[in-house]
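Everything on this sheet refers to the single structure shown next.
Chains: A, B, C, D and E, in written order; residue numbering restarts at 1 for each.
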Amino acid sequence: MFPGVDGFHWTFGHIFFLSVFVAVALTILVTLALATLRTARDLRTGKAAGICWHADFGELPEAERRCRHELAGRVEHRTCPNAFDCRSCPDYARFADLAPTVEPRTYGMNYPGDRFYHRGHTWVRPETDGTFAVGLDDMAERIVGKPDTVELPAAGTEIELQGPAWKMSKNRQTIRVRAPLEGTVVATGGAGQGWYLKLRPRGQANLRHLLRGAEVPGWLAGELDRLQLQLTQPDSSPSLADGGILVSGLMDAMPKADWDAALAATFLEP
Amino acid sequence: MKARYGMAIDLDRCTGCGACMVACASENNVPRLPKATERTGITPMLVHPVSDGKTGVAFIPMPCMQCEDETPCVKVCPQQAVELDRATGIVMQMPQRCLGCRYCMTACPYHSRYFNWWDPAWPAGMERTLNPGVAVRMRGVVEKCNMCHARLHAAEDKAAEAGKRQIEAADYVPACVESCPTGAIRFGDLNDGASEVAKASRTPEAFRLLARLGTEPKIYYTSKRAWVRALAERHPAGEPSQPAAPVAAGGGEVKHG
Amino acid sequence: MIPTRRDLFAWGGGLAGGMLFTPVPWKVLDDVSIWSQNWPWIPQPARGPVEEKLSSCTLCPNACGMRVRMAAGSPVGLSGMAGHPVSRGALCPLGFGAHQLNWHPSRLRNPLHRGRKTSWEEATAAFRKALGEGPIAIIDGRTGRAASTVLERFAAAHGATYAAARTAEEKALGPYQRWTGVPTSSLGYDLENARTIVSFGAPLLDGWATPGRFTRLWSERAAGSSNPALRLIQVEPVQSRTAAFAWRWVNVRMGSESALASALARVLMEERLVTARGPMPSESVNELAGKTGLAAETIQSLARALVERGPVVAISAGDNPSVAALNVVLGAVGARGGILRRGGGTKSPVPVEALSGRMRAVLIDSTVPWEVRPNVDAEVFRFAAWHGGTTTADWLLPAPGFLEALTDVPTPPASAIETYAVATPLMAAEGSKDAARFLAEIDPAAGSLEDAIKARCEAIYHAGKGGLIGPEPQPVKGLASADKLYEALGNGAVWTGEAGTPGGLRCDLKEWPGPSAMESPAGWTDGWTAPVLPPLAAKLYRESDLRQAPARSDV
Amino acid sequence: MKMPRTSIFFGFGVLTALAAGWLVFPRALYERREQPFRFPHKTHAEKSGTSACNDCHTLGKDGEFAGIPKTKDCATCHADRMGSSPAEALLVDNYVKRGRETPWLVYSRQPANVRFSHAIHTRLAGMTCRDCHGAEGESDAVPVYEQNRISGYSRDIWGHSISRLRRAPGDGMKMSDCENCHRRHGVDAGCLGCHE
Amino acid sequence: MTSAATGVVMADRRLQVRGEARSSTARFALWLAPWVLLLALGIYAGGLCLYYGLNQTNMNNRFAFGLWIFLDLGIIALGAGAFFTGFLVYILGRTELKPVLNSAVVLGFICYSGAMAVLMIDVGQPLRAWFTFWHPNVHSMLTEVTFCITCYLLVLTLEYIPVVLRNRQLRKLPPFVVFEHRMHLLMPVLAGIGTLLSFFHQGSLGGLYGVLRGRPFAFRQGFAIWPSTFFLFILSAVAVGPSFLMLVTAAARKLTGRKLVPSNVFPRLGFISGVLLAAYVALKAVDTLIWLNVTSPAVGFAPWEYYAYKPFGTTLLFAEIVVFGLLPAVLLVQGRWLLPGAALACCGILLNRFVLTVQTLALPTLSFDPFLSYTPSWQEVASFGGVVAYGVILYSLSYRYLPLFPQSKEQTHVSGR
C-alpha cells in the first residue's frame, strides 16, 4: 500500500483512494489529539472545575435553574443563562435594583444574615483577616446530622468554585461538597467548629454569585419542596407536613429513603 | 514474448471418465476431505454431466475459465490475492494472502473457485505423496485451477538451464490435459496462431461459456452438436423467449428451466 | 524516591511511545503476519530431488504403462506412458490416484485371523496343517505371471487344485476357447483394424479391457462425427456412457442380448448378407425380435449396417455364446479386425466357478477380486493389501500394496498384441508378503519370483522376437543378453511381441448355441473390481455427480 | 530549571523501550541452533583446487537446483577419515558410515509457496551466487543458524540487521528484496513468477 | 438478601443515571438474562466457527455468502440513523433532533461493531483481514467497505466515548468530564467525517453486488465508477435510519413506560424518513426498469427467469417496492401510523438486502446450473442471534447507566409537577 513497499506502483485509484483515506485518518487523529491536548491544558490551567460545573449545570432540569432574582421575586420567571455565576452576568445589575417581593422567612431553620449562601448548601462568612470561612448551612446540617467521617483538604490546596471542597460520609453514603468560591485553603475546621474551611480568595474577593437576603427564602422554599417530593414514597402518605420544621438528623430518621438521589439533588455532590 | 494460455475442450470427445479430475487433484495436492459434499469439496477441475432432456448426453469439464478481461475475481479481491498474470494470461490465486472473504466466489459466474472449508488432512503417511511443487492450502482460503503453473515453472527452469528464455510447448502441459484418455482437452498459447488451441478456437464449432458477460474466458469448447453449443448462454441471442432446453442431471434431480 | 501511580503511568507512556521507535512492534507484526500466512501445522510436501521412473500399473490386469514421478523417495504423481502399445499413454481415473492407495485407511497392516490380530508364524503353521490334511485349492486372479508359475508349481507339488478367476473380458472370449481349443489368454480383439464394432453391453468407453486402448481409438476415429471411420454400435438396456457416445445405441430389453445376436445372425444369413453357411438360430427373426422389444425391421436394418462397412466384430460383456456365434457368422473369428490368436498366453487353469463341495483350505491370491468367492466349504487364506469390506476369509494376510513389490505384468486381456513388463518396487512394503513368497517359504521348490521372471526373460530373449519400448527402444535381437532384457524391463521398458495375424484361428459352429445367462458388467469398475477406491477417486465420487451418469432410455 | 517529575519518568520509559527494543529484542527473537558440524567452505575450495560453487551445489539438467550435497557426494572423498578434525569425524561416523543425510539447517529456505529458480537467475540473468548468498564460500565455518521464534524463518530471510538499513549484499531475502531487485533490473515477474 | 446481592444492587444503583427512575436491579437482571444466554450461545457458536473453521456453517462453494452477509448489510443499513442524525443535527443544524442523538450514536455503534464481529467470523482467515490495509486492491468494493467501516467504527467509538464518560461514576473524575466537553465541541468534525465515510461505505456495500458482472441479477451499469446500487443503498439507508431510530426509541418507551423524547421528534423523523423513502422508491423503480429492459438482456439473461424460481417470484419485487416501499413512505409522510410505517420501512430495507445477497447467489448463472437453496446451520443462526442479543444488552446497559435521552429527566420533572 505504501510507496516503496512490495512492488507498489502509483495509479489514479491509489492516489484517489490513499488521499481520501489518509485525509480521513488524519482528521480523526487530529480531532482526537486536539481533544486530548485541550483537556490536558484545561486540567493544567484549572479550568476543569468550571467545565465540570457547566456540564452539570447543563443537565439540571429547568426548574432547578431559576435565577436568584426569580427566587427573590424581583422578576416573574427567569432561567439562569450563566451557570449561576452572577459575576459575569451582564443582566445582573438590571434586576438587582428591583425590590424583592418575597417575605423573609427561614422555615424554622437558622440562616443568619451575615453570611452568603451557595446553592450547594454552604455558607460563606468574610473573616476579619481577609479570609472567608465556609460551612454547611442549617438545612444540610439537619439532613446529614453528624457526619460519620469528614475528609478535608490540606492547607494550601487550591480549590475551585463549584469544584469539590470536602468530602463527608454518612450511613455509607458519600457526600461531596461543592466549593462556594475559589481560593487557597488556609485552615481547616470541622463539624465541631461550626466551619469547615477557611479560604484565602484568589485576587479580589467577589461574592456576587452567592445568595443573600430575600433570595434565601425563595431558594429554601424550593429546596424543601423538592426534598419533600423526593423523600415521599409514591405509595405512602406525606411524612413531612407543610409548614413543619425540618427535623435534625433526617438521614438517621429516614434510613430507607432514596438519599442517593436526594443528596445529589440537594446539591451536595459535584 | 507474451503468451496467453488457454484450452480448447472438445465436448464430443469427452466421455466424462473423470481422469482429469483425479489427475488434477493429485497434481495440486487437493486433500481428501471425508466430510465434503459436492458443494463443499475442492474440485479445481470439475466435469458437469448435462443432457438435452432426450438421449443427448455431454460432459463439460470446467477448470477456471481464466477470464482475460474484466476478470471478475481479480477485480473484487480486496487485497490482491488474485492476479491476472500479464506474461501468461493465467489468473492466479495466492492462498497465503487470501483472507477467505469469498467475494471472488460470488463474483465468479462459472463457480470455478473453491473454498477450503476444512483443514487439509491426509490419512497418516499419505503426506508423502504430496507433490513437492505445490504448496498445500490451509483452511479458510479460496483456491482454484491455476493451469498447473508449477509445471510452467519446471518448464522455465529446464529452458533456463539450456540457456533459453522460451519454454518448449511440450514441457508445459497441465495435468488434466495430460491425463485425458481421449485427448479432448487441448492446451496451448492462444497468441500463437499456429497452435492447436488457437486453431480450434477459431472454428465455427467453438464457443465459450457465458461469453456475453464480456469476461473473455480463455477456455474454449468445441462441439458439432448444436444443442451443446447452445449451452454457452442461458439465452442464445436472437431467441430470447426460448429457454435453453439443456438441464443439469445433478444429483438425480432434473430441473427444466 | 518511591514511584507513585502517576509516575508509573508516565513511565508506561514513555515505554509505549518509545517502543514505536524500536523494531519491536514492526518486526513482531511482520513475523506474526508471516506466521498467519504459513499455518505451520498444515502438511508440507517433502523436499527432495524429483525423478521420473517408468513402470506398469498393477491395479488391474490391464497393465497400463505408467510414468511415476518420485520426490524424496516417494511416488508423488502418476501419468500414462506415451507410446505404450496397448494403453497408449492413458490411465484410468483410478490409476491417477493409485499412488495414494498404500496409505488408504483400510490398508491391511498385519495378518488377521477371524478379525483378530495374529502373526505370520501362526498363519504359516495353520496353512501347513491344512496342507497336510488336504485337499486344498490355490486360486489365482491373473494367470500368466511369474507368481502364477510359483502358485501352479506349488499346487502341482502338493496335490492342490490350481484354479483361476477370470475377468469379464476373458469370460467373453470363453466360447472361442471352447470351440477352437485356443486358450483365452492367447486370444485378442483386433480393434485397431475394425471399422464397425457392435458391443453387447461391453463398457467400451468406460475402461473396458485396457482403458486407454479403445478410448484413444474412438476419439481418433469416431468422436464427434456423424459418419465416423469407426462405427460403434452399442446394444444395451440402459444409456451407459458408451451407449451415449455410440454411433448407434440399440436399446434392447434387459437380458435379451443373445436374442438380438441370434436375430442378427439369422437376418444376415437369410438375406445372404454374409457368405457363411452353417447352423442357424431355430427361432424366427420375429420371435427373437419380440424378445428384444425391437421391431423386426430395426433388426434387419441393423444387420445391414453391420456389413455395410467391414471389418466388423461383435463384443459381448461376458460369456455369451450367441454373440460369439454371430462373430462366426460375420466371419470375424481369425480375420483382420476381428478376433485373433496372438503369441504368448498360458493354458487356462480350472475356472474358479468349477470348484465346489468341501475342501480343507483355499488360498486366494491378492489378485483375485473381492467379490470372487469360491463356492467351497473350506478354511480360507486370503491375501490382500486392503480390506475389501466384509469377508468370509478366515485368514486375512497382508500382501504388498501398489508399487511395493516386484511383479511382472503379462499381456492384458483382449489385447491383439503380446506384451510383457516388470514392475519393480518403488516403495518399501513393511510386514507384507505376497502369496508366492508365502508358498515359496513353505516349499522352496516352488521357486522364487525373480527366477521365474528371469526365466521368462530368457525365453523371450531366445525367441528373439519383438522389441523394447520405453526409455531406450530397441529390438530384442539388439540386446546383449537375457540379463540385459531383465534389467531393461526393471527400468520400466515394455517388451512388445508381434501382433496376432489373421488366419491363425478357425472356428466352425456345430449347432447354434442356446441363450446364455448374460453376465453383464454394467459399471465403470465392474470389468475388474477395485479392492478399495484410491482416496482421490473416492473424493471424486462424493464431490461430483459425475458417477451418477445420465442413465435414461427414451427410445 | 527543574525537570518535572513526570517528564523524568516518561523519559526513563522511552530509554527503557529503546534499550529493550534495539538490544534485547533482536537476541530474544531468534533461537540459535547449531549446525550438525563445522563445515569449512574455504578448506574445501583450497583442497579441491576449485572455488566454483556449482561443483558441489549443482544444477540439474532439468534446471532443478540440487542444493546441499548429499552424504554420498561427501563420501566420494570422506569415505573414511582423511584428517583429524572432529567435524570430519562426526561426518564420517554419524552420517557417511550410517548412510544418513546430514540434517543441515538451510539459511535461505523459503516457504513452500515460494518458487525460486536458480537456473533463471544464474544462467539467464548472469547473477553470481555471491549476489544473494554473500561470501559464504570463503568462510571457515558455517555460521550459527538463527531461527525466528514466531515465524520459524531463518534470520537470513529478514537479514542480519534488525533495522534492515545499510545491509550487505545478499543480506535479506524477503519478498520486498526480490521485488526491489526485480524493479531495479526492470524485470516484472508478477505474482505467478515466484509463487507456488 | 445476601450481602453480595446487596452489593450488586448498590453498585447498580450507583451507576445509574441519577434522578431518573430505573427498574429494580432484579427486574433488570431478569430482562437481561435471556439476552445474556443468547449472547453466550452466539459466542459459543462463533467460537466453534473460528476453531473448527467455516465447515460449521451450511455455506458452500456455490452459496459462498450466507445469513451473515445479510445480517451485515441489514444492520449496517439500519445503523445509518447514527450518521444521518449527526449530519442533520451538526451539519444542517436541526437541533430539534438532538434528543435522539445519543441514542442514535449508541445504535450506530451497536450495528457497526456487531457487523464487524460477524465479519470476523465470516472470513476464513480473520488474522489476515488487516492485509487489506497493506495490499489494498483499490478497484474492489470490499476494500472501500473495509476502509470505511473500520474508520467509521472508530468515529462511532469516538462519538460513543463521550456518552460513556457521562456515566455518573465516571464523571466524578474531572479529566473525563473535560475530555467529554472537548470532544463535544469537536463533534461537528466527527459528524462530518462520519457522514463522508458512511456515504462511501453504504454505497460500496451496494456496489459490492452491483459490480458483479458474473451475477446478472445484481449487476448494474455504472455511474462514473459506481453501479447504480451504490446510490440506491445510500438513499435507502439514509431513508430507513431515522425509521429504525424511531422504532427503537418507541420500543424503549414502551418497555420503560417513560416519555423519552419531546413529542415533536417522531413526526419530524417520520417525515424525513418518508420523503427520502419516497425518493428511493421512485429511483429504485426506474433502476429496476432499466435493468430489466437493458442491462440484463445485454448479457444474455432474460428478465423473467430471475423470478421463475420459488420462492423468489415477482411478488418479492412487488413487496419490496410497493408494500415495503411506497406504503411506508406514504404513512411516514402524512404523519399518522408512524410506527407501523417505520416498521414496514425497516422490513423493506431488510428485504432489499436479502434479495441482493441471498437471491443473487441462489439464481443459476450457467445454462446447466441448478437453482440452489441453502439453510443456515444452527451455528450461523446462533451467531446471528448473538449479535442481536449483543445489541439489546448494550442498548439496555447504555439506557440504564448513560444519559441516552438527556431531556428525559426534564420530561419527568415537568410531568411530575
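The rule is short, and it goes like this: a contact is a pair of C-beta atoms (placed from the backbone, for glycine too) under 8 Å apart; a residue touches a chain by one contact, two chains touch by 3 or more.
Since the model is a prediction, treat every value here as computed from it, not as a measurement.
Separation of chain D from chain E in touch steps, taking the shortest path, is 2. Distances between chain centres, each the mean of the C-alpha atoms, put A farthest from chain D. Distance from chain E peaks, on a Cα-centroid basis, for C. Chain centroids computed from C-alpha atoms place B closest to the centre of all protein C-alpha atoms shown.
Chain centres here are Cα means. That of chain B falls 29 Å from that of chain C. In terms of their C-alpha centroids, the spacing between chain B and chain E amounts to 39 Å.
In terms of their C-alpha centroids, the spacing between chain C and chain E amounts to 62 Å.
Chain A and chain D, compared by their mean Cα positions, are separated by 70 Å. Residues of chain A in contact with two or more other chains: 5-6. Multi-chain contact residues of chain D, defined as those touching 2 or more other chains: 60, 62, 64, 111-112. Among the residues of chain E, those in touch with two or more other chains are 125, 128, 131, 134-136, 139, 143. Across the complex, chain E is touched by residues 32-33, 36-37 of chain C.
For chain A in complex with chain E, the touching residues are 1, 5-6, 11, 13-14, 16-17, 21, 24-25, 27-28, 31-32, 34-36, 38-39, 42-43, 47-49, 51-52, 54-55, 59, 61-63, 163, 176, 229, 260-261, 264-265, 270. Listed in rising order, the residues of chain E touching chain A in the complex are 13-14, 18-19, 133-136, 138-139, 143-144, 147, 151, 154-155, 158, 166, 171-172, 174-175, 177-183, 186, 189-190, 193, 196-197, 403, 406, 409-410, 413-414, 416-417. Put simply, chain D touches chain B in their complex at residues 59-64, 111-113, 115, 117, 119-120, 123-124, 188-193, 195-196. Residues of chain B that touch chain E in their complex: 35, 37, 39-41, 48, 50, 60, 70, 72, 75-80, 97-103, 105-111, 113-119, 138-142, 209-210, 212-215, 230-235, 237, 240-241, 243-244, 246-248, 250, 253, 255, 257.
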